[in-house]
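In what follows, subunit A forms one complex with subunit B and a second complex with subunit C.
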Partner chain A sequence: MSVLRPLDKLPGLNTATILLVGTEDALLQQLAEAMLKEDCTSELKVHLAKSLPLPSNVNRPRIDLIVFVVNLHSKHSLRNVEESLHRVDATFFLGKVSFLATGAGRESHCSIHRNTVMKLAHTYRSPLLFCDLEIEDFRDTMAQRLVRMLQICAGHVPNVSALNLLSLLQSSENPSLDDL
Partner chain B sequence: MDETVSEFFRRTILKIPLTEMMTILKTWNFLSENQLQTVNFRQRKESLVQDLVLLCEENHASLNDAALLDIIYTQFHRHQKVWDVFQMSKGPGEDTDLFDMEQFKSSFKKILKRALKNVTVSFRDAEENAVWIRIAWGTQYRKPNQYKPAYVVYYSQTPYAFTSSSQLKSNLPLLGQTFETHNSTTPLQERSLELDINMDSRIIHENKTEKERVQRVTQEIFGDYPQPRLEFAQYKLETKFKSDLNGGILAEREEPLRCLVKFSSPHLLEALKSLAPAGIADAPLSPLLTCIPNKGMNYFKIRDK
Partner chain C sequence: METQSEEQAAAETADSRGEGEPPPVAGAQAARPEDRMTLLLRVRAQTKQQLLEYKSMVDANEEKTPEQIMQEKEIEAKIEELEKEIEEAKIAFEMKKLALDRMQLSSALKKHLEKINIKTSVLMDNMKQILSLNKLVMKSQQEARDLEDKLLDVRKKRLQLKQASERKLLEIQTEKNKQKDDLSSMENSGKIKTIQQNLEMEIQITTVIQHVFQNLILGSKANWAEDSALKETVLQLEKNLTMIQ
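Moving on, here comes the complex of A and B:
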């Protein structure tokens, strides 16, 4: 099972699982801890992976949301995400995938242009979030957002589906991408 | 006296059988002879315990005093616990250091407290150069649970340590590392204490094997000790341009491309060592970088073969 599929498992009772994919483990760990600090009626689980595919011999819950973390300071992290994207089934991209770019605040350290990640997100029809994960306050705010998104993707919010959320997020972002 | 502490006292004293009560209290030596004489040891146990707790309050007993009493109780009832024994081995070439009990206790406590903010550590010396260590575990957000402590009995003149835990064995690796860190000859500040235990079980690391591989490879290449302090390395490239794209402008060039790459850092080798564990580069690193200490060079000229 080297490709991740969104609906290949039954959901756990009141459980919402997020998968964070990125090369910099320390940032992912901190983001995971920030998310788990949130008050949430759902049982949250955070899986951290450097890249896809995930080890196959492991029993893991159904993944409700995948967030690909790209550090704009590191071409290595972008390349890693690009390769991992091939291991995700197309149906995941119906609102259950999101991109997170960190490091935009320190312009001089950026080796990846913002437009590169914006194009990547546009190609995969998925939302792109910017957040400097090294800064605690920004990280906490992003963690809150991700928890709400996760609950929606897990189906824990009545009347809102992942696809609804996707169309809501996209309509405000797309106009500027037409120029690319 | 804090309510939780007085409750802990009450429960600990309640555990002690009446037949052993006097002996244990005398061993504890916290309540004076006079105070003990004021207590009626023939009354019902609940009332006796209440009286004793009141005396403890009078003496301004602290959590540490309670922990000590708990250790003494456990020492009297050691046969009721299940003990694991660990044998420590010294690496080749390591000298047997002179053992200082006080220094051991202080560094043991310091290491644990640095790793976990919420932990209670208490010591009691015993026969044959042994020390009994009581550890109550907490988490990042919770105070230590005094009712499920772990015990370690370390016989300092031997390589053996006995442990007993009322909780999951998940905390044992940390204890092991605490011993390792103490016994290693590198100064404590320069060792990074990597916790294998996830304080929160809701976070799962999918690539644990890969992380371990990276750690192992990094350790094989760079070793455990601090790196020599180097501030820059310079690579002069005189190689032909190599490109994946066919028919690029530079691909046809016969002459080598001259290029100078300079790495500088306040501590270059430590920075290189931390690249792979931080996820910024793959392990193993390029031999051009890792050969610096071996070759004793930091100026390189690279030509095509």
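Moving on, here comes the complex of A and C:
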């Protein structure tokens, strides 16, 4: 399949699947391990991908949350993410997509400005998270956060839906974008 | 259907156990049925939520999307409108939930009050304290209001006094201006000028007469130093009478 659709498969019982898309293999691997170490009542499945489209020969479960990881040090990762965004169905952006920007800690190495990523997240109406994935403590905190988001997006939390979460996450980001 | 889900649930428990939570083997058997129950309940809640999501997607897909090509700005405006609608729906829902909670709480409280012994319960003590605090609050609010009223009165009086003094000063100023005007008009009037001219002429005449007297006395070769009146007349040669104005 060339385009990812959110609800085209039936969900697995007590299973939640997250897809991490990004060019930094090592960071994604570490983040995946941190997420699997988290205490969670549902079963977690983490899929890693360098870019979309995903190969169609693999039998994979329904994807509940896509996180696009952008490394602020390399323009290549941003371009990769932008191209992969075309392969995602529009209905995914109702709360099941999130952007994660890493590498903001070292200003001198940043070749992408923060505002570029913020604009990207604003265009796609998705939440943007900042985290330095190289530092273990931040990575663990971010893994915790992603696990909670994943549970909500998979429908494992009663009375909270992905769209609900989206509108909850949006209010704090919009005011800063008026300066853009 | 039920046995199927139970078997699946058993298999799932094994999986999640294997993932990250190794409990002691001895207690595992005893804890199994409770775990299964909680798992079943959890899975039930999940399935409900997921069903809700699918249903809402189906409903959303039935709505027709507008076919015309809209400009980006219009699309953005439309998106913000829709987001506002979502927020409003959420707020309305929260308000209704609050109202419902309040009703439930009040009915539960009523039932509780009917059952208990009125004199000894902690609830009644709390209520009594709440009432006394409320009375205190109302009293202090009343006092605050009285003080504010007094302050307001004092301020009003101050304002009135200020206005009165302003008026008085204005009057004084107009009086002064009038006086100045009168003075300058008087000075410029013709009468004063003629009087001034007359005065000057008189002074000149007096000077001439004085000079005549002085010359008479000098010319008469009388001894004027002895008589004080003569002395005075002669010595006035020094004084210039036009200086006396």
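The working rule: the second predicted complex is superposed on the first by the 180 of 180 C-alpha atoms of A that agree within 3 Å, B and C clash if a C-alpha of one lies under 4 Å from a C-alpha of the other, contacts with A are read in each partner's own complex, and residues count from 1 in each chain.
The working rule: a contact is a pair of C-beta atoms (placed from the backbone, for glycine too) under 8 Å apart; a residue touches a chain by one contact, two chains touch by 3 or more.
Just so it is clear, the structure is predicted and the values come from calculations on it, not from any experiment.
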| item | value |
| --- | --- |
| Partner chain in contact with A:76 - subunit B first, subunit C second, else both or neither | first |
| Contacts of A:105 with subunit B and subunit C, given as first, second, both or neither | neither |
| Partner chain in contact with A:36 - subunit B first, subunit C second, else both or neither | both |
| Partner chain in contact with A:14 - subunit B first, subunit C second, else both or neither | second |
| Residues of subunit A at both interfaces, subunit B in one complex, subunit C in the other | 36, 43-44 |
| Complex interface listing, subunit B residues touching subunit A | 200, 202-207, 209-211, 278-282 |
| Parts of subunit A lying in touch with subunit B, wherever the complex brings them together | 19, 22-26, 29, 32-33, 36, 43-51, 54-55, 58, 60, 74, 76-77 |
| Subunit C contact footprint on subunit A (complex, rising order) | 7, 11, 13-14, 36-37, 39, 41-44, 91, 125, 154-159, 161-164, 167, 170 |
| Subunit A contact footprint on subunit C (complex, rising order) | 5, 8-9, 12, 15-16, 19-21, 39, 42-43, 45-46, 48-50, 52-54, 56-57, 79, 83, 86-87, 90 |
